[in-house]
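In the two complexes that follow, subunit A is the common piece, with subunit B as its partner first and subunit C second.
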Partner chain A sequence: MIEESVYEKYLSALLAGRRSECHDIVQKLLANGIDLKELYGKLFQRSMYQVGELWENNRITVANEHLATSITESLLNLAYPSIFATERIGKKAVISCSANEFHQVGGKMVADILELNGWDGHFLGANTPPEDMVQYIQEVKPDLVGLSLSIFSNIGHLERCIDVVKTDFPNMDLLIGGQAFRWGGTDTIKRHSRAEYVPSLDELERSIKGA
Partner chain B sequence: MTPKDVSTSENQSIQIMTRLKEETKAYHSKLEALPYFKALIEHILPLECYVNQLRALAVIHGVLENEMATSQDERVVDIWENGLRKLPLLEDDLAFFKPRVVSDASESIQAALAMTEKIRLKGIEKPTTLLGYLYVLEGSTLGNHMHRPDITATFHLNALDGCGYYSSYRDQVQTHWNRFSKKVNGIMDDPSLHNPVIEAAHEAFSGLEVLYTFLYPLRKTNVPFHVTRINPEAGNHPIPEDEREIEAALRASDRGWAEFPYYEKRYGERGKRFSDSDACWLVTLTALDQESLKKQMDWLLRVLATRGMPSLMLEKTLCFLYNELAAAVPEKTAMYEKLRGAADALKETRLRDIQEKDFQKLAGEFGQAVGPEMAASWKNTGELLVAAVADERNGTEGAVASVQGWLTDVDRFSGQWILAVNEILQKAEKVTYKRIKT
Partner chain C sequence: MVEDRIIDRETFGYLKEHAPVLFFVLSEEGRIVDANAYACSLTGRSLVGENLRNIIVDFSGRFDLKAVMGEPSLEPLIHIGTASGLPQSFYFTFKPVSDHILALGRLDAEEIEKTRKEVSALNQELNNLMRELHKKNAQLKRLDEEKNQFLGMAAHDLRKPIGLIITYSEFLMEEAADLLDGEQKGFLNTINSSCTFMKRLVDDFLDVSAIEAGRFDLELQLVNITTILEESLKLNHLQAIKKGIVLQVQAGECTQRMAMDASKIEQAITNLVSNAIEHTQPGTKVNIALACDQQSMTFSVRDRGPGIPPEEMKKLFKPFEKTSAKKTGGEKSTGLGMLITRKIIEAHGGEIWVDSTLGSGTTVYFRLPRKGWEQ
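Then we have the complex of A and B:
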């Protein structure tokens, strides 16, 4: 359980760019045996959503936002020893951002949560062309594909990505999520068979446990 | 490669420019040996490679120069001067080549954007390390001077047309470099500051190596235009693939700025570039359904209105955009109608708590209060002020403060003007409040 005072302290350090303070807070939480899903959802995800909102409302600059992203990405690495120690269950997922989508923290977190649940989460990173994604899927043969979208205007790229994947792998399960869907667009996902919108990391876990 | 140990007494006595030169020599040689520069020397470099080099460098310079010019770090402030800016030269060169439409090379642009991400982070975390990037890019002027004849010969250029960047400082390159070196050595005289700057210079060279590797030979790209051709600092967002739509968006942006001179006075050339790239992005939203487009507008409205750009500006821009697009690409008029729909929705929201006639009356009163000369020079500023109040009433917290703060700055405006601004805001607040109560 992350106390509100710890969250506030972390957010304040994150916004001020105090990298080592953020690092210490996360290290301490890990040392105290925090549930990693909670660390991801209640600290990393919550704070990054708040950073996005603060930028939208002109409370912080784009530079603050970039720095917060950079710090968060580096902190994800701290959890890796625990994440990759989880027993494997023999399932694989390919996680990616669609073409033209350059915000990759969310996708990276999804891949980590999958790893935490014993999956092999192959994260392809930002701005992946659909053709490259298809090639990788052919090589890895995953049980599901996850697509992350942060900027709503990239929804056309996401649709193209879904179409390309579905053409070659019509029975592939697709999980789709990201901040972009705060502004709508889930209807786009519903149009595709075996494609599911996943609004949160909790939902992601529920979904993969049923997979 | 890492900087040499700074703790040695030898390094403590060496000036930073000497260390930078010595410790980046290998990088420099590696860069010059890349196929791009070989092709340049052999006069076989294709034009699209050269133009894309200018585009990529515009991206890097745009961000670096802004970071340096706005830095609070006293050493950066002391070193930076407007005379070091290369972005204007790069933009002039790109404008020269504009009639020969050259596709944007996405890989080199991505390489440039990757460098700008690092530059931005340095600007916040360790501003003095920006000097490592500045050293590398400023040092390029020496190489450019040497390569300038290759550029003019390869592309048959006259005078400075298309090679302004390669002609930086003209025949004063060495003098300029000596002056720059002396200044940096003087300001960066603390040896404990040197290593991070040298590391940053290494990083800059590595970034350029990736960039120039992508620049020649160029790989075919699926996307003809990247947003950085419109605005080097825009990062990554979609823009139309049809050049007619891009031109229409730029005309709409021009009309928006002509309608509200406040924007040019407040945000200058850099702001105009963002207005241009935003207008291009708005065109891409016409691919969405009306409801999704409206949601994007609600988001954009909040982003802009809290930064001193009331929703009225967006509303008008959407109208201009519709008109320009429908005229330029008539076969897609039905699709562009969504922009008009979005503008109507913004107008409806704006006038929810204030009637149109009251809106116009208040704006007119502002014009009278500031006098005909100021009213003409600051056309439609009264409308923007009333619109800011409407935005605030509609839930955009900070909309009024973001215009009021700037428009009542005593260093910028007369007492008469400031009084008029404050009065119009108060009146608009009263009118909208009354309307809510009734």
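Then we have the complex of A and C:
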């Protein structure tokens, strides 16, 4: 359980760019046995959404937002020894950000939650051209593909990505999510067969446990 | 007008101290008459008296300072050498004022943004690589565990049938000796000795598998080391007699009991003494010594073998690696004995080391600390 005071302290340090303070807070939470899903959802995701809102409302600069994102990404490394040690269940996923989408933390966290559930989560990173994604899918032969969108103005790129993947793999299950959809726009996803909007990491887990 | 009142001495001093741009007052030849705090901090020196050309990094070698100073309408991009060693780019304007020239350099905002994006992208890539590294490490660890499990299972399943072959071949050699001719006895001997070696190999595999899987637990008990040494020498005695080798033992005052895993230390000593016998010329001797003090117990065994070349010493404790030092009786080794011995000693908090001289022989030592091991 992450106390509100701890979260506020973390967010303050994150916005001020105080990397080592953020590191110490996360390190302490891990040492106290924090549930990794809670760490991801209630600390990393929550703070990243708040950073996003502050930027959208011009309360912080883009440089500030990038620094906060960079710190968050580096802190994910602290959880990796536990995440990758879980037993494998023989399922694979390819997770990516669409072309022109440079915010990759959300997608990476999805890949990590999949790993935590025993999946082999291949993360392709930011700004992945759809053709490269298709080639990777052909090599890896995943059980599902995940796409992340953080900025709604990139929706056109996401749609193209879905079309390209579905052309070569019409029966591929797609899970789509990201901060871009917080205020709507999920109709785009519903137009495609076997494409599901996943609003949260909890929903993601429920969805893959049914897969 | 406001502008007429702006640049008084105090205001000028304030701007000179705090403005985040490069500001120089230059002579017509480009000599720096005055420089602001930002410029001095960036370059790491006072600058007054130097020519502006001294701090310009000119990659092309064709930069004409005089020409740009004489053209106020230009806004050239000039690279300034900084204290860090890396050049930084500034857009400069030059304005003649009486017999001096004012030079202002502002940062290239696009350049800064570009650099920031590049750093951000590199950081992302680094974090992605870190993720892959953690993932690969976890995969390797799983493969290693599977390998150890397989090794342990295979060795365990082989033990019983090998044991049966040894038992029945020995039985036949004893009970049916009268019924067998020389050739058939030879066959049985070969079966027995080959299976005995296989059993040793399987036992060593099981030990290594247990060590690698972290199942190497010590059963500590208070024992007298001389008792363990005596038991070990009983096991090696026959081997030594067959080769006409004398085991010369020098045991110091080691009466105090120490906590150790008796069977494992016996295994270590037996292995080292057996190795020494195998490498020693028949008709000579093997020296065994035991010394104890308040802090530790030191065991050593010296053979009269060919010695080990210095460049091969690193092979000694590696699995399946063998040195060129040949065994004098043609004996076979599993290649795992020294590795297992070292693991036993290190599990007790001790250390093992080897001295060897070509043509003279090899001495293997191990030391076990007394402190912390006694109850």
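Basically, the second predicted complex is superposed on the first by the 210 of 211 C-alpha atoms of A that agree within 3 Å, B and C clash if a C-alpha of one lies under 4 Å from a C-alpha of the other, contacts with A are read in each partner's own complex, and residues count from 1 in each chain.
To be clear about the criterion, contacts are C-beta pairs under 8 Å (C-beta built on N, C-alpha and C of every residue); 3 or more make two chains touch, one makes a residue touch a chain.
Bear in mind that the values here come from a model prediction, so they are computed numbers and not experimental data.
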Combined model on subunit A where subunit B meets subunit C, clash or fit: clash
Contacts of A:Lys190 with subunit B and subunit C, given as first, second, both or neither: neither
Which of subunit B and subunit C A:His66 touches, first, second, both or neither: both
Contacts of A:Pro81 with subunit B and subunit C, given as first, second, both or neither: second
First (subunit B), second (subunit C), both or neither touched by A:Lys141: neither
Which superposed partner A:Lys28 touches (first subunit B, second subunit C, both, neither): neither
Which superposed partner A:Gln104 touches (first subunit B, second subunit C, both, neither): second
From 22-30, 148-156 or 166-174, the subunit B stretch with C-alpha clashes against subunit C: 166-174
Contact residues common to both interfaces of subunit A (with subunit B and with subunit C): 63, 66, 70, 102
Complex contact set, residues of subunit C against subunit A: 116, 120, 123-125, 127-128, 130-131, 134-135, 137-139, 141-142
Complex contacts: residues of subunit B adjacent to subunit A: 110, 117, 120-121, 123-125, 235-238, 281, 284-285, 287-288, 291-292, 295-296, 298-299, 302-303, 306-307, 397-398, 402
Of all residues in subunit A, those that touch subunit B in their complex: 17, 19, 56-58, 62-64, 66-67, 70, 100, 102, 127, 151-157, 183-185
Complex contact set, residues of subunit A against subunit C: 63, 66, 70, 73-74, 76-77, 80-81, 83-85, 88, 102, 104, 108, 115, 123, 125-126
